[in-house]
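Chains here go by letter, A, B, C and D, matching the order in which they are written, and residues are numbered from 1 within each.
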């Protein structure tokens, strides 16, 4: 029997994922030995792990292709994936900072949450780096399975149970579509590697007329749309976001959305560029529906978590506007926007956690009456995040939207940009509503139960910086995004 | 040899049955079973294509899908148990705390 | 000094940072500091006037790359010309007055209030000095936020409604303008947002029409022009005094200034095309607002509607597109800033004393408050454009200019607005100040104190100075206005000469462009 | 001296500043009043100097301009702060400062003890300043400044007793009506400016330059439009139909104010303006006819109302309106000199009449106040027999009444007769001349009637004041009577500077100095008139003399009727009113014109305003805005129910989405 030649494996592309997985497993072990009230230390450890991972992400920037490629082209740590990995790590890191206190308050102090988050992060990074449908699928599933658990993490809470179960059922359902799409694509092209599919498409002139191929593309689109919560595949979002433990909501709204976009873009932009005319129709319909439905339903929400869930749907819609444009500005805009969105949304959720009471109470918009003056700094931060979500200058939210809509206009989708800005204008109403209560109503609560720990302050400060600095000097972030284009 | 289309039609039918099952059944476990049916329909497609194309990729994919399905089942059942403990039912119609 | 504009614009921002570190309870320190900061900003701005050359060039220019990516080049490009010079001065001048006016009116959350005011000043100054369209947009947006809080937090009974209405109204317009702005950018080849480069552009008429409409909508909301004015009475009525003053004196000018600086020179053809429409709306605004003002029961609302009428005059003058009209319009912007600002201060004075603004609650105040009566009278007269006061010069030039332009009949109708303005202002004055002093609560009113008189004196002086000797004001803006007119008219002629076919390609082609 | 023409308006301005800023602190009435009077008197002195200097110059050189600085310059438009001295403005400044000084002096006595004494004198000085700007202004815009300025002062002074609602209303009414006129003035200015500019590249509003450029103006057409606009301005300021209703109400102001503003100076501004721009007006025969007709109609109409009023000042007010009508009649028939002449003589006798009535009211008020009575001190029915109590007032009042009635040789005779004669004989209006003349003559009869009615009711017969306070009626102090006497003298002899040629020849060739003096001002008019006026009939001296006698005759007739009705058989008026109650009511209520205006303009405006506010602004515009918001919110409220919470629905939506997308792609 011949030697099975061990292929030369380039581990560099999955270095970040490996490190994070190892940290996650170590944490899983440690968790057994750490007593309940000190699970917070696991958080710091995972933060260390994330930082270490971040280091490897950073050094991967601008490496030559042979260093980026690994596993026979199944993963590629190109700038594109690195940017998304950055977004994912940022959301993970920020979320870790605000988790512990929440868990203690809700008395579901299980250490497993950290490894699970890290695994989810690994999955997301894999999605971003995957250049094979298989890798993407695996990454997506690692993410999803972890998220199902995270959504239902508060076992004692029926709402959390319900969120987890709903997410699970619908997620699995959507996985079916995604997989079917992958299978059909595989059938049409004979390969699962993104690059090979692309070249096959070009070489054989496969076009929208090929039923397998077309159906495969569309079904994959559906699968990814579910992940990024695009209408009409968004319906899980409000329920799951509302029911999940708040830090996990923050996490879910930022990270997985970014990862979903990474995979979505990877597959559609690099595989089907010649079919752009075909898939653009799909994307703009999704964009319009997503923006509009998200914003309009958000208008009548009283629960701030649920409101932000709808707002997150709307934001996916804005990003899809950039996707529709499909040009450099639009796509870089998506990346810029998702990064900014991670900062502003997690920042907002951090404050929501602070002001919440045990049992997920005190989450109504009206509960914020007078908050802005009771806690000026937090109020200011919250206003900043909300203004950024609303897209007011000089925040990153504005610049991001500016890029997205610019992309659309550049590509000739001026009307789409107009729908986008009208949506933004409508969205202003519900963001302002929070501020109306924060500043313009007399306080009902004293907010004396709030405990602002340094970790929280760090999270909020970093988020605020992440919102404000790119808002004023966006060049460097946007430059990175442009260099990260596929 | 049985033409490819036969397999594909069967798998499409299976997929559709799974989908309809998801849409109509009330018991969460049964719904999940239907999802499994959808996944297996996809598996069938993969294998059929793999065979037809003479490429192993599809079969490898199937392994992954099966593994993932198993993991999903584990997590899913755990979630159902947790829900059942609190609600004493796994009827999806009773999952309606979160709405509007 | 080359960085004068930057220093001026960001002085209040420095003030904000200092304010952050002051104890929120030491109100007088907060007020004093805010006042000092605005006075410093005013002093810093004074060399702008003395150093201003009477040419059409942009002066005190600073141009620093700001956002420099492959796709977008935004510059921190600031400078002033005759058109913006006086508006900048108006802003720096009115701010200390606004802050002084709130000395006793705002007793709660003083720190936040002052911070809002100072931030507002940054936004306003920045918007006036921006020569980069993107920068202008940013500053415009920046302005909205503090104003929103000022109305919403320190406002009256219906403050939330007013604040949100103000914000969303303005947002809708400015967001559509953003789309137009980006479109313009790509039409111009996408190099940067430098306004002078956009001026040089030749756009096909269809594009101009759409872009003009978007710009015009944004600015018309800010002006506000009929029928987009309904946010104004609410915002004015609910805002605290300083808010109303600034809103009237400066924020509304953002709209008219936007027309002069952006909408008209950028889209000359469309300007010509829409002149009748805009003029019609302006004239309707003049008459309509006057009629509505006449029957108001709330003094502040009345003044707010008078603002609509005044700005209708401004729009009419600006669209007359001749020296007299535009100079009058520009002058009227300043006049309106001073007179209406002063009127809001006056309303603030009596509101602070009586906590009501209903006309029927007053009557006969002249007996109790003679100094106040005199000042009120002067300001009222300025507002109705009595010769010798500033209001006359502006209104006269506007009407003269529009009469000599294609807007002759509009001008005639607008002139009749002069009658109506006298009716509603004097009637209001009569009901508030004249008559029997029969309300017992009015019988204990005190006359203005030294601070209040001190606030009003500079305004009164300006009312007369600008009424009697407006020459320096007009002289400084004349070259810029000339350039504007020449620019617009040569472009209109050039475009009429070129057949529409040889224009930039329609953007439908871009869809196929590779990214 | 001419160089110092700016001093003329400057002095009153100093008064304004000092009294306005420090008057409240000063409190000393003698100082405040003295200062204000001294300032106007100084202006008078300067004016005299200028007049003397002008007289010393050749007639054609009597035009002098003094530019202080450029006021407004925008593009082709330029307006200076600059003064124009010519024979016309010289007369006007003499009248304004002369009569003004006397009235200032009078006011010191009349306003004694009033609250806001300083305010009164500030306003009065401000008025003088504005009026001087008006008459001295070297261009249309500066004239307009004065024009509006006097309107403002009128507003302020009418509303001087601001605690009275009627005073406030009257002030506002005056201002608004004036504004209607100003609207016309501005449009006229615009028209002339742009027409000359665009058609002949002559960009000016300066009177001297306009006079040169008037060659370029066409007859009729645009000039008719412009002059009609200007005339609208004049009707507002000079209380002509249709904008006269403010003047009677303006009597709410203190009486010296009525004398100065609403009799002697401000209300004649319209006449002055037409005189100033005669070279434009003359180019439009249509406008001239309109002016003449308006003037004549006003003269008659106001006189009818004046017959039935009981308030002493109201009678005088309607008389003023009526006399202004004469002046416009004169302007309209191209007798500019006669119009200005009547302006001057009217200033004398009407100021005297008003001051005299003021003296009466002062005395009445004093007496009634003493008895704590609340009778109206201005109502003539409470007066009577004051002749003995107030001899000086009576005499001056009487001579002025004779003057206004047009009895020779008092001043009014010369000016009024000249107007009537010109109305009859002018070459412009053809057959309309007779009508104009006839109306003027009838009005002259009525004038004599109601003026003597006034004198009889006030000064003659039984004293009808409450006997309790009868003994408290006194003659006014010297500070009041001196101005009366001076004005009485002027009213008596003022006419001699303008003796008509017919009479002058009779008395040994006395020239009509007034006409000669003003000749250079109206030279262009004469020139233009020659270009279109038809030769007309040349009437002989006999006709002129006959008409003169006739006018004296009708005046005498009016006096006679008044004597019959109010002295000889006082019961007739009662019987008359009993017989024709409707007519009397209509006349007494001023033909219901105020009510008509309320009905036509004021109320519809208010109703429209209210409708636009509540109906349009709030319902429609805001309704749309809020409606959009409400619809979106409502939509939101409905749409959120799609989020039913049931997994089945969610899955179904997804599945449907998939199907729709696939179908879309398959069937597209």
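By definition in this document, contacts are C-beta pairs under 8 Å (C-beta built on N, C-alpha and C of every residue); 3 or more make two chains touch, one makes a residue touch a chain.
Please read these numbers as outputs of a predicted model, since none were measured by experiment.
Student: Could you name all chains that are in contact with chain B and with chain C at the same time?
Tutor: Where chain B and chain C share a partner, that partner set is A, D.
Student: Which chain has the mean of its C-alpha atoms lying nearest to the mean of all protein C-alpha atoms shown?
Tutor: Chain nearest the overall C-alpha centroid, as shown: C.
Student: Which chain pair shares more contacting C-beta pairs: A-C, or A-D?
Tutor: It is A-C, judged by the count of C-beta pairs in contact.
Student: Taking the mean of the CA coordinates per chain, how far is chain A from chain C in Å?
Tutor: Taking the average C-alpha coordinate of chain A and of chain C, the gap between them is 42 Å.
Student: Rounded to a whole Å, what is the gap between the Cα centroids of chain A and chain D?
Tutor: 79
Student: When the centre of a chain is set as the mean of its C-alpha atoms, what distance in Å lies between chain C and chain D?
Tutor: 38
Student: Roughly how many whole angstrom separate the Cα centroids of chain B and chain D?
Tutor: 97
Student: Two or more other chains touching the same residue: where does that happen in chain D?
Tutor: 629, 640, 643, 645, 647, 651
Student: Hunt down the residues of chain B that sit against at least two other chains at once, touch-wise.
Tutor: Residue numbers touching two or more other chains: 19, 22, 31, 92, 95, 97-99.
Student: Which chain A residues reach two or more other chains?
Tutor: 166, 169, 173, 238-239, 429, in rising order.
Student: Quick one: which chain pairs are touching?
Tutor: A-B, A-C, A-D, B-D, C-D
Student: In the complex, go through chain B and note every residue touching chain D.
Tutor: Per the stated touch rule, the residues are 19, 22-24, 26, 31, 92-93, 95-100.
Student: Per the contact definition, I'd like the list of chain D residues that touch chain A in the complex.
Tutor: Chain D reaches chain A through residues 629, 632-633, 635-637, 639-640, 642-643, 645, 647, 649-651, 653-654, 656-658, 661-662, 664-665, 668.
Student: Taking the complex as given, what residues does chain A use to touch chain D?
Tutor: 166, 169-170, 173-174, 177, 208, 214-215, 218-219, 221-222, 226, 232-233, 235-236, 238-239, 278, 281-282, 293, 296-301, 426, 429
Student: Under the touch definition given earlier, write down the residues of chain A that touch chain B in their complex.
Tutor: Touching chain B from chain A are residues 133-134, 137-138, 141, 144-145, 148-149, 152, 155-159, 161-166, 168-169, 172-173, 175-176, 179-180, 182-184, 186-187, 190-192, 238-240, 242-243.
Student: List the residues on chain A that touch chain C in their complex, please.
Tutor: Contacts found on chain A: 326-332, 373, 376, 387, 392-394, 398, 402-403, 405-406, 409-414, 417-418, 421-422, 424-425, 428-429, 432-433, 435-436, 439-440, 473-475, 478-479, 482.
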